[in-house]
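Before anything else, here is the set of structures, which you'll find just below.
Two complexes follow with chain A in common, the first pairing it with chain B and the second with chain C.
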Partner chain A sequence: MTEIVQVVIFGFLLGGVYALFASGLTLAFGVMRIVNLAHAVFIVAAAYAVFFAFENFGIDPLVSIVFIMPVAFVLGVGIYVLFFGRIEGSPRYVEMTVLLTFGIAIMIEGLLGWRFTGIFRQAKPAYLTDAFFVGDFLFPTGQVYAALLSFVLLIGLWAFLRYTRTGYGIRATMQNRSAAQLVGVNVRRVSAISFGISAALAGASGAMMSYLFPFFPFRHWQWIALLLALVVLGGMGSLKGAVIGALVLGVASSLVVDQIGAAWGPMAFYGALFAILLVRPRGLFGKEVAA
Partner chain B sequence: MALLEVRNLDAGYGKGPDILKGISLEVEAGKSYCIIGPNGAGKSTLLKVISGLLHPRSGEVAFRDVPFDRPRPDQVLAEGICFVPQDQAVFAEMSVKENLTIGAYLERNRSVIKGRMERVFELFPILAERASLDAGKLSGGQQQMLALGRALMIDPEVMLLDEPSLGLAPQIADQIFSTIQELEEQGITIVMVEQNAVRGLELADWGVVLDLGIVRFEGPADTILEDPRIRELYLGKAVTTEEAT
Partner chain C sequence: MIEDRAAADGSEPDVIDVIAAPKGPSRSRWVVVAILLLVLLLLPLGRPILGPYNYIILLITNALMWTALSSSWNILGGYAGYISLGHAVFFGLGGYVAAVPLYYSGVSPFLTAVVGGLAAMALGFVTGLITLRTRGPAFIISTIALLFVFLLVFENSEYLGGTAGLPLPVVPLPQDWLKAPFFYAMLLAAVGSIALSYKVAHSKFGLGLRAIAEDETKAEVAGVPTRFYKILAFALSAFWVGFAGAMWGYSLSFVRPTLFFTVAISAQMVLMAIIGGRGTVAGPVVGAVLIVAVNEFSISQFGSSEINIVIAGVLLVTVLLFFPLGIVGTLRKKGWLPAFLDWD
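Presenting the complex of A and B:
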């Protein structure tokens, strides 16, 4: 029993980080209907920035969030205005976002591969190998920090969406784009801000990836597959769904790894994706999509 | 001078044909207008163009004699013209209170927002009772009240109402119509599209009959109501021998 609880703790810590990774992806879909296949490569690019800031200037990966998030926000707004503003209003907008973000992902991956080569990188702050016990249970310090920070950022995002004027505008746009326009929301501006926030969340995620998960440019394809699985499970566009989906799948994959073997860990994600698409295609908290 | 003017408007969707064909209309301040006509006449399209949701192919909409230049809906709203679409379009996952709050998105003064919300709650006491309930859980009639209430949160000068009684039980529709009348008495200019043409015209000062994208008739609403040709063609009431004589 103790072992199972320990595995659940590991899964929960992992799920907390996954929740942050997926939050930006689901926000982009919820507000702008962008299926952002480049979200994971944004995370990997941020991980490189944080890795080199750590290696060259000794800046702690978690502290680097303070600079990486604003930079990623500005880049995100720029990317939205440059690429997505042009295709707004297209009858095939969603399909075009898939192709467009696929192209952006390939482009960034190529640049990263050219500049940093394909070797694995991982920042190694002191707390990476630290751990502490609470009763009989082991808590890896680095993972605890990442999970706590993820929850702080997610609570911050929730509070922003719930209590600020821009947050109201974003939520309204997520629920009903044309009705949001009719109450005075400038949906273009809100969309650009949301994409910036999505990129900023990818920046924060990259800071965590830099020391939690070894990375190289091509790795983002594995990540986007995993993140899409948990976003679809929670319901595309639902932040609550992404968080719950991430926690559930974090725990489920840890249990699979423990009980069956490490190679089967990813199967938890794709098995859940397969099951949810069969039983409830709109996911746990997603909205019904008209045919 | 008309408050709102529609001048030689042509409009349609995508690459499709023109739905509105050279429409002109003058709306005077404080009056109520009812636009009637068969399905596909372009009634809702006209309101969408005025509200900025659709841009005209030619012609223009002018407010206080100043033409709009391909405005966004939020810019039209900022002028005091609000649009309540026929599907109500409330934010289902937001509470009634949040729906009303976001109705005043362009207003930053909290005490003003609070005052307007109290006014809406006076107009629709049921919304006050359900203030913390998600809008998606309200009945159709209550959602229509919320849509009207949300539009009032901007303190509009002109309200564009698309089928306000659509899908509502007669008793609830009566309540909505009497509220619209009350709003008109408060000085709000009403431009309404209504399938229940007789009821809409009874309420309005001026009637406009739209058919195939063209204004066929317009005039005082009571005159239109009594016109035997219009009654036969558009109001679903054949002229009886007695009436004809």
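Presenting the complex of A and C:
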């Protein structure tokens, strides 16, 4: 019994981080109907930045969030204006965003591979190998920090959406784009800002990835597959769904790893994806999505 | 002239156009095809006279294989408008279906390649049953997930050699003729998949697929059996991919999960079909030849495959933003399409 509880604790800690990883992805879909296949490569790129900041200047990965998030925000807004501003309102828009972000992902992946080669990297701050006990249960310090910080950021995101003027605009756009436009929301500006926030969340995710999960450029495909699976499970575009999906799958995959073997952890994600497609294609908390 | 049904220009399908389209191709383009085919058929035989030119044979084999892959992808991704980013699954499955009997009992892949294709088709049918319940993004995502499921299973199966894969014996032929059988096999795959694509494009089934791409709900109301058509398209688009995978593994003399079940393979198919022109018969062929040439050039210039990936990404984004119809589609719209590329 204690062993299972321990595994569930590990799963929750992981799930908290997955929730942050997926939050930007689901935000981009919720607000702009962008299925961002490049989201994970954004995270990996940020992980490289954080990794080198740590290696060369000794900046702690978690502290570097302060720098990486604003930079990622600006880059995100830039990418939105450069690529997505042009295709707004084009027919089969969602499919277009998939292909476009596919191209962007390949581009960034190639640049990372060319610049940093394919070797595994992992930042090794002191707390990476630390752990503490609460009662009988082990808590790895690095993962606890990451999970806590993820929740702080997610609560910050929620508060921003809930209580600021821009947040109102974003939520209105999520609910009904054309109605939001009618009541005077500057949808283009809201979209650009949302994509910037989505990228900033990817930046923060990269800081966690840099020490929690060894990475190399090509890895992002595996990540995007996992993240998309959990976003579909939660319901595309639903932040609540993404967080719940992440926690559920964090625990589920930890149990799979514990019971079956380390290699099979991702299977929990894909199994959940295919199961939800069979039972309820729109996901747990999703709205019906037109193609 | 028939407008490109899968075009992203939002034009309504015009039934009058289809009915009034000139029946049958003009003769000149068949002459071009016949000459091209004849040259390709004779090419490996010229060896005793012309001396060794393995490099050219290899390059053309490569182009033929990618032609088969992107033409096949186009049946689902172009005509029906269902983007699959997981088509590498069929490639890998074909590769392993041929590799396992060769490795364990010495059965030649030249016999089992067709089985590889049929296995891929069966897999296409089954995954179609599950994934085609959804449209748009969820479908695309499930195709990526499918790819990773296969990667995971194949990497963790001892029987299939795990992450290291299976080493395969070399073709029992004299050194000079090693490349020829693969050349002909890929030629068969290319011709087969183009013929299939052409057949589909000019059938009621193909018209149904284009209607699905345009507006699935309307197509359904109009009496197109959308679900059956989509699943059939998925299965058909898998066959030659599986066949080519079987041949490719043998020609490399090994199979390995990370080499077959990879997004990179899917990415190339998508890229070629889109650059050439989705939903056209000639588009994927043009795209395949062009991208193989670009890859060859950039590897000889920069010597690194990472630059290749960047170029692929830049090309894809540029074409999507500025020429969403691809080369063939854009040329047709402007009325500059040469007759030998006009097969729709």
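By our rule, the second predicted complex is superposed on the first by the 289 of 291 C-alpha atoms of A that agree within 3 Å, B and C clash if a C-alpha of one lies under 4 Å from a C-alpha of the other, contacts with A are read in each partner's own complex, and residues count from 1 in each chain.
One rule holds for everything that comes next: a contact is a pair of C-beta atoms (placed from the backbone, for glycine too) under 8 Å apart; a residue touches a chain by one contact, two chains touch by 3 or more.
For clarity, every value in this text was computed on a predicted model and none was experimentally measured.
When the two structures are superposed on chain A, do chain B and chain C clash or fit side by side?
Fit - chain B and chain C, as placed by superposing on chain A, sit side by side.
Which of the two partners, first being chain B and second being chain C, lies in contact with A:Asn186: first, second, both, or neither?
First partner only.
State whether A:Ser178 touches chain B only (first), chain C only (second), both chains, or neither.
After superposition on chain A, A:Ser178 lies in contact with chain B alone.
Tell me which partner A:Val5 touches in the superposition: chain B (first), chain C (second), both or neither.
In the superposed model, A:Val5 contacts neither chain B nor chain C.
After the superposition, just quote the angle formed at chain A by chain B and chain C, using C-alpha centres and rounding to the nearest 10°.
Rounded to the nearest ten degrees, it is 90.
Using the touch definition from the top, say if A:Leu138 reaches chain B (first), chain C (second), both or neither.
After superposition on chain A, A:Leu138 lies in contact with neither partner.
Once chain A of both complexes is superposed, is A:Leu148 in touch with chain B (first), chain C (second), both, or neither?
A:Leu148 contacts neither chain B nor chain C.
Could you say whether A:Val74 touches chain B, chain C, both of them, or neither, answering first, second, both or neither?
neither
Taking the superposition on A as described, I'd like to know which of chain B and chain C A:Ala159 touches: first, second, both or neither.
So A:Ala159 meets neither chain B nor chain C here.
Please name the chain, chain B or chain C, that touches the greater number of residues in chain A.
Of the two chains, more chain A residues are contacted by C.
First (chain B), second (chain C), both or neither: which does A:Pro91 touch?
After superposition on chain A, A:Pro91 lies in contact with both partners, chain B and chain C.
Superposed on chain A, how close does chain B come to chain C by Cα atoms? Whole Å, please.
Result, nearest C-alpha distance in the overlay: 7 Å.
Across the two complexes, find the residues of chain A that touch chain B and also touch chain C.
91
Report the residues of chain A in contact with chain C in the complex, numbered from low to high.
Against chain C, the touching part of chain A is residues 29, 35, 83, 86-87, 90-92, 94-96, 98-100, 102-111, 113-114, 221-222, 224-225, 228-229, 232, 236, 261, 263-264, 266-267, 269-270, 273-274, 277-278, 281, 289-291.
Which part of chain A faces chain B closely enough to touch in the complex?
The touching residues are 91, 165, 168-169, 171-172, 175-176, 178-179, 181-186, 188.
Considering the complex alone, what residue numbers of chain C touch chain A?
Residues 8-10, 81, 83, 85, 130-131, 133-138, 140-142, 144-149, 152, 155-156, 216, 263, 267, 270, 274, 304, 306-317, 320-321, 324.
Report the residues of chain B in contact with chain A in the complex, numbered from low to high.
14, 51-53, 72-74, 77-78, 82-85, 89-94, 98, 101-103, 105-106, 108, 150, 154
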